[in-house]
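The structures come next, written out as structure tokens.
Shared between the two complexes below is subunit A, which has subunit B as its partner in the first and subunit C in the second.
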Partner chain A sequence: MKKKKVGLAGNNVLLLITVLLFIGMYVIGCIIYANKGFGHFQTFLNILITNAGLICVACGMTCVMLTGGIDISVGSLIAMDCMILAVAMGRQGLPCIPTVMLVLVIGIVFGLVQGYLVGYLGIQPFIVTMAGMFFGRGMTAVICTDQVSITQQENAMFYSWANAKITLPAFLGYTNNKGKTMVPFIRPTVLIALVVVVAIWFMLKYTKFGRSLYAIGGNEQTARMLGLNVRRTKLLAYVLSSFLCSIGGVLYCLNTMAGSVQQAKGFEMDAIASSVIGGTLLTGGVGNVLGSLVGVLINGTITTLVNSNGKLLSSWANIATAALLCFFIILQSIFAKLKDGRK
Partner chain B sequence: MDENVILTMRGITKSFPGVLALDNASLKLRKGEIHALMGENGAGKSTLIKVLTGIYPFEGGEIEMEGVEGQAINHSVQEAQERGIATVYQEVNLCPNLSVAENLFIGREPRTKCNTIDWKKMNSSAREIMKNLDIPVDVTMNLENYSVAIQQMVAIARAVDMECRILILDEPTSSLDDNEVEKLFRLMRDLKNKGVAILFVTHFLEQVYAVCDRITVLRNGQFAGEYTVAEMPRVKLVAAMLGKDLDDLASIKAEGSDTVRKDVVVDAKGLSHKGTIKPFDFVIHKGEVVGLTGLLGSGRSEMARCIYGADRAQTGTLTMNGKELKAKAPIDSINAGMGYLPDDRKADGLIGDLSVKENIYLALQARKGMFHPLSPSEQNALADKFIELLQIKTASRETPVNQLSGGNQQKVILARWLATDPELLILDEPTRGIDIGTKTEIQKLILKLAAEGKSVIFISSEIEEMLRTCSRLCVMRDGSKVGELDHDLTQNTVMTAIAGQGKEGEQ
Partner chain C sequence: MKNIQKITRMKLFFPLFCLLLVLLINVVKDPGFFQISVKNGVLYGRLIDVLNRGSEVAILAVGQTLVVAVSAGTDISVGSVMSLSACFTTMLLAGYGVNTTTTIVMPMALGLLAGILMGGLCGAFNGALVSKLRIQPMVATLILFTAARAIGLLLCNNQITYIRYEPYKYLGNFIPGCPIPTPIFVTIVVIVIIMLVLKKSALGTFIQSVGINSRAARLLGINSDFLCFLCYVICGLCAGVAGMIASSRIYCADSNNIGLNYEMDAILAVALGGNSLAGGRFNMAGSIIGAYTIQAITTTLLAMGVSTDQAPVVKAIIVILIVVVQSPVFKSWVETKKNRRRAEIKEAV
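Coming up: the complex of A and B.
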């Protein structure tokens, strides 16, 4: 027998480090900014609320990255989605549900085109989605160059979605200095995002499509020889990414209630960073959406920490994320080395 | 002729840029037979298989399959699988990042009632399959944790477990030892009795005579004949493959087997590597060929890796030419005058996109250092010399190495290490996947190197090959060195020593 003992598989260790890091950062925040209410449960919920869109996008990104690809069009697609929502509902007065449907369909079509180019024509994902990125941003400007907002008068339904509160049990809350009990709440967007995470987690683990993503990331040539439909799987991965991105776009719009050309710039990098910090390998084949969720939370915590300080420039959040990203990429390559060394 | 025929390929032509890989090749498979497909390296065997299973399109020819109307041309592996063709390709083709169970079942996973993957069932079926084959693995572990041999068995198990009418095995035995080969043969015979047609590619003649009923020989991409095993003695078979007669294999040993012990080249004391090999002593002299033998997983490759420093030894010392060598990385060993051909050519070996020439001079360049580049004419001369010497079949020295046939790729790696002209050359399975014509040449070459005063550590699953080349054998068992044999080397004594029936005088 020639079995090489591996204490804890490297990938699990990465995820574990991510989770510990998140907890560690959060605890430090609670200690340093105790007076600013960092320790309140609501602060944590707010991270979820602000990042609901990013969670969806990161899930899609993870699926694409599992195949060894990348999708950098997501930021522009979100901007385009928001602009369509804002112009359709805010200016044209279209009803809410058909507009949202339209945006989701646009997402699917966008993904079909990108997926076809990558999967069937074999063009580099980076190139294809970069084209998608320029297209999306350009299209946004073509639709409208102004900042367009959606107000209650224009679309009451969308407005009510955005402002709906789902309250949690009161004992999780706290009493403020005026003696009033603050009941913690989340927005429906958080629920949608969490449903997406669970659904994608389930899909990755329990469907043939999900496992095929891993197989392709492991070795594309091999996956083909094992009789998997590599092209179709890749196509679907990009469709999924753009579709989830459009869901994310709607959630994002529910937060901002506006469309503008400059919106969601660099969002793709946040999504990629979250995935990588969550343990997804850039080379594909390894990763998990639960990790990506934690990755998003880490991202959000950094921003909250910087904001809580009040004096720091918000750009420090970017620098901290960049540092973390480097740290995780180095960690990944160390684990890859260790694995090779063991052989 | 007979209605038993399940597959007919006729007049198949397939070319790659600059190479005519198949030129009017034919093949006929019948139900319930094991059919050997033979030919030299680069004869087109793997290409024929890939044409059949839909990986490559082809230019001309017909494929007919029983139960399929008209032409049975497959466009993808799925399609071939749906028609009942299961294949194990030449290089182990599985996903290292998935578990053993998934690799066995991917694409055809057991489902629960809601059509989701039933992991419980998948793992238990996988456990069952591996147990039946008597392979000790944890099916939930990732495949990358296991040796090439086990990976190969998993690939075979996967193909065999598929409901198939035709089973294709492209050099499945290249990294297996006798024990596992026997297991495979048992499987093959079972399937044969169930009426499955099996196409079996191998370079081992004994294996052909052990299980096969019929032989098809390809030469330079052309059909050279179909024979029944009974009517085909070895000599005739070899002649059919090469298109000429081969000088007798057995006669080569005599030239180089002087066992005079001269200066010690490497002296290892108490080397060990945690988890793979227990402390061992090892001495090799100038001009000596020492074999490491033992069952697969007995630690013979690990011992070689430890001496070379690919796995850093945790205990013990190694002296080379009287100086202590503390190799931190392979480059230290290379500089000290060692060369090492690893057994896993996929992981540690070739750089597929580089040319044959670049792959050959790579190690020599590394040894000389970046600042002493070989001149283009030196590079070319070096490449040409080895292409000629090892009969590497390639369109030119600039051809990317991943376009060569499996056996020819192996020759390129061998050439790389021979080019460094090391004092101690460690060869782990250097003749795997290499046709018998060249095999003899390589064995001769090893003996010639020894006669020139080089030392060679040689590992092979083929005992005969070891007997022909080695003057001394170290016997390995369960990760430790259990003895040495240096006289009276015969198939029998070696076998008993490996199996551990205590004849070699346990230490």
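Coming up: the complex of A and C.
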């Protein structure tokens, strides 16, 4: 019992650092960019709106990383999803719901192939998902090489989904300089993303599958000896990741309303960074989707900070995320060394 | 029958077989594939094109082979590092923020050297993360995979820097009076240096022993951490050289496009060369043949009208096929099939 407490304490420290970092960054942003409206509640909601897709993807990524694997195909899969949605609805005029279903099914199939290769054939997850990454990006170009957008005329239903507003109580808003009250709002995408977070959190905590993910990441050999079906669990983890990634792709598409080959480049980096910043260990066995949610928020705050400045090049956001990922990886490795020392 | 088995068991059989297969497909499709002609005093032809364009992949494959052998992981940042070192060199030569220039502000050799060293620095960063902090190679290199291009954009002030200075084009194109493209010479030089180091010193053997069992190697007195670090630095330097060639070809540094998808090609070259991606024993010659096979595939695809954006699909499928064939599960499945057939034959007798 005592040992367990020590382990949890170490992980909580990582999560605590993350939460403090987020609050610190946000407060600094509020102070520096106060005149640009950084302090408004809507800015925070905008971070959620723009990153709804990333939240879903990060949840899937966390599940895969819990088993000690990784999935770097997510960015390309999102690009492929967006392109399929855009071409099917924008060019072919297909109805909305079947297309979304199709995209979700494609995600599951994609995950099945990757999961089979990783789980049953025992190939390194990185090699498999890297091939998946290039395959996805390439397929996007095979489907269409132009930038395709979805407009209101082409698909009114999808358009209405994308532009639906859910207003929050007015007292959270502010009065702009013309004397008009700006009521804060979120989009339905945010709700879907939050539902995904809660569902995955529940799954990881209270279902057999969720606990097996932790067990396999902790020690694969032990998990197998205790009678867990390691191969099938791994397969399902990749299916779950690709499925959540496809949901994320639909949410992402609702945000951009377009498909292009270059879309969502570096998304895998953002998702991995969010998970790692949120306290998921790269070696597996330790992690929490709520942490990943905070990781996504940190990621979004960095981008918002860079954009608020206006003068900085957008590549600074990439560099900052990479630096943060590097910092947290080093932190993790130090924690791991300390733990080893304690033993 | 025994002779055939002897040939198929040779180390270089698989890579050579793949190369010949690709060449054969090309010859059937286009009989003029092997034609080499001289135009304007330089050599022209598909074969020359493959050798020329394959230089970057071959150089990257040399570095990648060492990394795979020593750490059982791959360096996925090589493409981005190529672009970063190219951006660094053009920034030094043209000056910060200059869009296009016909004169250079510092000696060209110095600029090129700085670019290559920049690659080495990136390699050192990766190496430190992998060897000292024991982070999985692919996660460690993922950091530079995204960040290096972004840093390159910063160095170039978010624009494409053109250097319209004649000698700068020599490295990636032709030296006046010489009919053979310069990148071929550069590749030969890199390969010869690495081969000499590996063969004349015990480095090659040390790298293999670290890759097979790094703890055992350390107990034998090999500094396995340092060797791992060194391999990443060499890989970074190779990426730097490849970046110089790629930048010189188009006499500019386009941060978003230089070295795009090259990490895939490099890893594919290593796998095609008959090397196990699980580390340990390596076969440099196989990797180099693998690299030219990849280039031949790329050239074939481009000649067939497949766009550069679409080509990765085919390569991804090839990678998966190779790793599936290499996987222990598949191998044991083949073994059991063979054994069963043997047993059946015995029973029949």
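Definition applied: the second predicted complex is superposed on the first by the 335 of 343 C-alpha atoms of A that agree within 3 Å, B and C clash if a C-alpha of one lies under 4 Å from a C-alpha of the other, contacts with A are read in each partner's own complex, and residues count from 1 in each chain.
One rule holds in what follows: a residue touches a chain if its C-beta (ideal position, glycine included) is under 8 Å from a C-beta of that chain, and two chains touch if they have at least 3 such contacts.
Remember, it's a predicted structure, so these values are computed and weren't measured experimentally.
Colleague: Is A:Asn177 touching the first partner subunit B, the second partner subunit C, both, or neither of them?
Modeller: A:Asn177: touches no partner chain.
Colleague: State whether A:Gln92 touches subunit B only (first), subunit C only (second), both chains, or neither.
Modeller: So A:Gln92 meets neither subunit B nor subunit C here.
Colleague: For A:Arg211, decide between first (touching subunit B), second (touching subunit C), both and neither.
Modeller: After superposition on chain A, A:Arg211 lies in contact with subunit B alone.
Colleague: Quick one: classify A:Gln153 as touching subunit B (first), subunit C (second), both or neither.
Modeller: In the superposition, A:Gln153 touches no partner, neither subunit B nor subunit C.
Colleague: For A:Ile123, using the defined touch cut-off, is the partner it touches subunit B, subunit C, both, or neither? Pick first, second, both or neither.
Modeller: So A:Ile123 only meets subunit C here.
Colleague: Using the superposition on chain A described above, determine whether A:Ile319 touches subunit B (first), subunit C (second), both, or neither.
Modeller: second
Colleague: Applying the document's definition of touching, compare subunit B and subunit C: which contacts more of subunit A?
Modeller: So, of the two partners, C touches more residues of subunit A.
Colleague: Scan A:Asn35 for contacts with subunit B and subunit C and give back first, second, both or neither.
Modeller: In the superposition, A:Asn35 contacts neither subunit B nor subunit C.
Colleague: What part of subunit A is shared between its subunit B contacts and its subunit C contacts?
Modeller: On subunit A, no residue contacts both subunit B in one structure and subunit C in the other.
Colleague: Which residues of subunit B touch subunit A in their complex?
Modeller: Going through subunit B, the ones touching subunit A are 55, 76-78, 80-81, 87, 89, 93-98, 102, 106-107, 109, 116-117, 119, 136-138, 141-142, 144-147, 149-150, 275-276, 296-297, 311, 344, 347.
Colleague: Any idea which subunit A residues touch subunit C in the complex?
Modeller: Per the touch definition, subunit A meets subunit C at residues 70, 72, 117, 120-124, 126-128, 130-135, 137-142, 145, 261, 266, 268-269, 272, 282, 313, 315-316, 318-319, 321-323, 325-326, 329-330, 333.
Colleague: Once bound in the complex, which stretches of subunit C touch subunit A?
Modeller: 73-74, 76, 129, 133-136, 138-140, 142-147, 149-151, 153-154, 158, 261, 264, 267, 277-278, 307, 309-317, 319-320, 323-324, 327-330
Colleague: Going by the contact rule set out above, which residues of subunit A touch subunit B in the complex?
Modeller: Listed in rising order, the residues are 1-6, 9, 202, 205-208, 211-212, 214-215, 217-219, 221-229, 285-286, 339-341, 343.
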